[in-house]
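One chain, chain A, links the two complexes that follow: it is found with chain B in the first and with chain C in the second.
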Partner chain A sequence: MSRIFKYAFVIFWTLFVLAPLSWALVTSFKTPAAVNQGATFIPWVQFDPTLDGWKDILGISGYANLIPNMINSMIITFFASLISVTLGGLAAYGLSRFRYGWKYYGNSDIIFFFIAQRILPPVVLAIPFFLLLKNLRLLDTHLGLILVLTSGLMPIVVWLMVDFFNQIPREIDEMAMLEGCNPLQAFRRAILPLSKPGIAISAIFAVIFGWNDLFFALVLTFTEVKTLPAAVVALNGTVTPFWTLAASAIFSILPLIGFVFVVERYLAKGGFSGAVR
Partner chain B sequence: MGINFYKRLFLLPGLLLLIAIIIFPLLFSIRVSFSSWNVSRSGLDFVGGANWARMWSDADFWGAMLRLLNFGVVTTSIQYILGFMLAHYVWQGIKSGRLFRLIWLVPLMTTPSIMAIVWRSIFREDIGAANGLLKSVGLSTIGWSTEIVPAMFTIYVAEIWQWTPFMFLFLLAGLLILPKEPFLAAEIDGSSPTRTFWRITLPLMAPISIGAILIRLIESSKIFDSIFVLTSAGPGNATETPTYFLWKRSLTEFQIAYGATLALTYLIVMIIVLTIVAKVLTYISRPRGW
Partner chain C sequence: MSLELKDLGITDGTDMILEGITYTFEPGRVYVLMGRTLSGKTSLMRTIAGLLDFTDGDMYFNGEDFDVLPTWKRSTSMVYQQFINYPNRTVLGNVLFPLLRSGLSKAEAKAKALEMIDKVGLSSFADRKPGQLSGGQQQRVAIARALIRNSNILLLDEPLMNLDYKLREQLREDFRELFTTSKDSVTIYATTEPAEALLVGDELLVMHEGRIIQSGVPAEVFENPNSVTVAQIVNEPPMSVLTAEISNGTFSIGHRMKSQIPAHLVGLPDGDYQAGFRASELTIGSEGDMKEEGEVDVAEVAGSETLIYLNTPTGYTIVQEEGIHQYISGDKLGITIPPERAFLFDLSGNLVVAPGN
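Now for the complex of A and B:
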């Protein structure tokens, strides 16, 4: 009984997930006329598919070319995620293993400080970040956007990794230190290899959130460094061209699917019981 | 080198970088909230607490905050339950688990603003897929953006579709690192799967569940893209949330000073609410006897 419910739910959810994506995929092969004549679902039967939507975003028809924007997005996402996962992972390990404090404030307050960075909506931070980057001459540069994004991505990494490191028994660090490692070496040699699922998930979150940032990209970059979401939104003129937008929606998740496919293999069942000698 | 050196080595690089990036925007917002910076005059004069007094009696702002309470609680709970079910299934093992896992993560990879446009095209009254499907099975069409309940429904659907994978992945991370011993012990005792779930899995997952719920409350409270694209806060202002309200005040009407005041108020209210929620959840999930 519970097995039937389980697979029924799994199939229902999978269909729900795929529904809007298939709609977008189908729409991306429609002509403007086919979009406007009403809802149709099956190519060849209900409408004649064309590649116009795709040609429009890949620079073939001269309408728009999103490939340079994709490269910008890749550079920015890669470095922002790398900084966030490295520094955030180290901070999370510190917060999980040592006691920090200043007057009445302790570890839990520091962790809350990290996550509190995510409370303010980008709308609010846009103007002060604009002025900050302007004074640092970092407007419309890769570095400027990388720094701003890092402040949003690192908190997620810390928030996730502290819980994660807390689950790894302390005996493992102590054992390594008894064998003559200093804390940094113990972290690198004993803890890191056990942390692959946590690092994989942090990296997935950081990359996805960095990739999909729209608001900061719109406000802090203009011509030199235009990211993919910003370029896609710029396509959206007075009339929403659903066919090109659908194509670009599919286009912009392809690199992420590739990345997650590679990283996802590290999400294996851990359990650290066997790791203590 | 002493332990204190390493202690600082781990935490400080990240913490200091974060402070360096965030300190200016924060101080700047506080200072601006005491000025009269708006569309006709920019600059940092000092008008005392005028903006703060206006905020206090701004019924529209507090109305949006109350609406958010309903929205945040409902979407976060639904996402938690669905995300936990999916994560638990993958963790227990299902056929083609890796394929499902990958498919379920795809919504998270889509850009919310672009997906909002796709949802808009689905819920368009005239040429959208939702009404198209309703018509093809002989039902009457629904005014997705003109009626309050359907308008809220479209936003809930878009949010749940987009962010349940986040819960799923976060909770899966927690399940993957649970210690094995309690489950072995339960198996030896002949505990039923249901009992094992309520007595072992769920309590062991409490810390990571609280983490996931708090971060989703934070994130879902910032909802903007789907409201902007799907309903423009309408019909009337039935789907207006604080972020939309803030955006209207600060970036379309350029009431920069008042916008900063609203933002700081939002920040303070959120910190208080989240602290209370964290305390309550920790209390509910405290370890108890069997």
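Now for the complex of A and C:
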């Protein structure tokens, strides 16, 4: 009985999550007439699919071309996530294994300090970041946005990874050091291979947050470096038809879906059974 | 290649973790650290390995200051009481890991690792990961990893602690043979079990509250514990220590049971003492001059013996009886105390006379 209930819930939840996506997906292949017909989902049966919406956003019809924006978003998200996961991971390892601090303030306060940066609404940071990048001549550049996004993504990575490293028995580091590794080699040879699930989770979060950033992209980049969310929003403000908007929505989440599929297999490999009994 | 500790100590705030440890460990010998939990055995090993900083004293290896070397340059191997291995590597991968940085070619390292895996009896499990092995097998992997490097110092921190009885017996037997392969290393083995100390050790160091309170050949320490504390630590089950008195040519225990002064106690001045008896030397039944009636507190069967914990008017007494016997709490039993087997301690706990063999 409970099994039936479980499956029923899973099916319901899957439909609940997938319904809006599938609606956007089928809409992106519809003609104006098909859109106005109401809720239809099955191509070739309920409506005749067309690629017009996709041609509009891929620069084929001459209406808009989101491909350069996609490339900008990829560059920015890739480097911002890479730097966040690398530096954040090392910081988290340090905070998990060594004691830092002054008087009553210790590691937990440092971790709180990291995550507290996320408490600030981005809008508070907009003017400081704008002025900072202006003085550094980094406005409307890839590097500028990468640095700003990294500062926001790193706290999330540190926060996630400290907890993860805390679960890996300290004796594994000690053992690697006893076997001739200095602390950095112990991290690289013994701890890092065990950290794949933690790295995968952090990377997924960093990539999703980085990819979906709209606010800083709108404030700190203009014409040279326009990211995909900013470009999609710009389309939204014009007389762009629904089917084209639907295509742009699907287009902008495709890379994320691909990334999660690739990284997901590392998630399943958690657990340290056999490390310490 | 000796390891020399001079007045080594660790203080953490007001807590004394190790105090005044002075000892020289020679290569090719197995030193057994014995003491109760929290006596400082693990702390001493971790200090030697460089995993714990000491606050007082000096440590030298081969005459050179050892403290300046970080852990990874000390050529030290350690086996923990929890079976610690790299969970993501196979048995072969685990045993190869310490060799990675030794400069051996891949083929040589692999051959050496396989030989060691064979020695610890795991050759058919070389491709398995530690999570797929039993506890005893996991500990063998850890032991193989520790032995393969031929480190200058080999530390074993209660390696058999978490294993079942049978496996413990078997590995204990293997140890002597495995250790002989490391003739150039100082081997230090921590345990709480007297049987293990007697079987494995060339030297026994008894630790209590962060200090070494007696050292020597295991059998010697076992026969002549210098204090009540050592006697309690090196005897399992612990010795029963009862009040005793010598006066006017009689020896009495608990001021109640009296006998003639046994031969080994003749000539001692009159006065109050403490008398210690090994559980195996007390017997159930009321015979001879010194007999006592007690009430069973707990009785447990250990292998082919029965351990009986009794409340007697003289004090808490532990008797080890051959064979399996059923007693329940509250049973009244007579016990016989052999005065000729008494370890006599003064009132501050120092050994006065041991009964000898």
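Following the convention adopted for this analysis, the second predicted complex is superposed on the first by the 250 of 277 C-alpha atoms of A that agree within 3 Å, B and C clash if a C-alpha of one lies under 4 Å from a C-alpha of the other, contacts with A are read in each partner's own complex, and residues count from 1 in each chain.
In the analysis below, contacts are C-beta pairs under 8 Å (C-beta built on N, C-alpha and C of every residue); 3 or more make two chains touch, one makes a residue touch a chain.
From a predicted model like this one, the values you see are computed outputs, not experimental measurements.
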Chain C versus chain B on the shared chain A, clash or fit after superposition: fit
Touched partner set for A:Ala190, first chain B, second chain C, both or neither: second
Chain A residues touched by each partner, larger count belonging to chain B or chain C: B
Partner chain in contact with A:Thr77 - chain B first, chain C second, else both or neither: neither
Which of chain B and chain C A:Thr221 touches, first, second, both or neither: neither
First (chain B), second (chain C), both or neither touched by A:Glu171: second
Contacts of A:Asn182 with chain B and chain C, given as first, second, both or neither: both
Which superposed partner A:Asn69 touches (first chain B, second chain C, both, neither): neither
Chain B versus chain C as contact partner of A:Ile253, first or second or both or neither: first
Superposition-derived minimum Cα distance between chain C and chain B (Å): 7
Footprint overlap on chain A, where chain B in one structure and chain C in the other make contact: 182, 271-273
Interface residues, chain A side, partner chain B - complex: 2, 6-7, 9-10, 13-14, 16-18, 20-21, 23-24, 27, 35-41, 83, 87-88, 90-91, 93-95, 97-98, 100, 110, 112, 114-129, 131-132, 147-148, 150-151, 154-156, 158-160, 163-164, 166-168, 182-184, 187, 197-198, 201, 204-205, 208, 211-212, 214, 228-229, 232-233, 236, 240, 242, 245-246, 248-249, 252-253, 256-257, 260-261, 264, 267-273
Interfacial residue positions of chain C with respect to chain A in the complex: 49, 51, 70-72, 74, 76-78, 80, 82-88, 97-98, 100-102, 129-133, 135, 138, 145, 149, 162
Contact footprint of chain A on chain B as seen in their complex: 1, 3, 6-7, 9-11, 13-15, 17-18, 21-22, 24-26, 28-29, 82, 85-86, 89, 91, 94, 98, 100-115, 117-122, 126-129, 131-133, 135, 161, 166, 169-170, 172-174, 176-181, 193, 207-208, 211, 214-215, 218-219, 221-222, 224-225, 243, 246-247, 250-251, 256, 259-260, 263, 266-267, 270-271, 274-275
Complex contacts: residues of chain A adjacent to chain C: 169, 171-172, 174-182, 185, 189-190, 193-194, 271-277
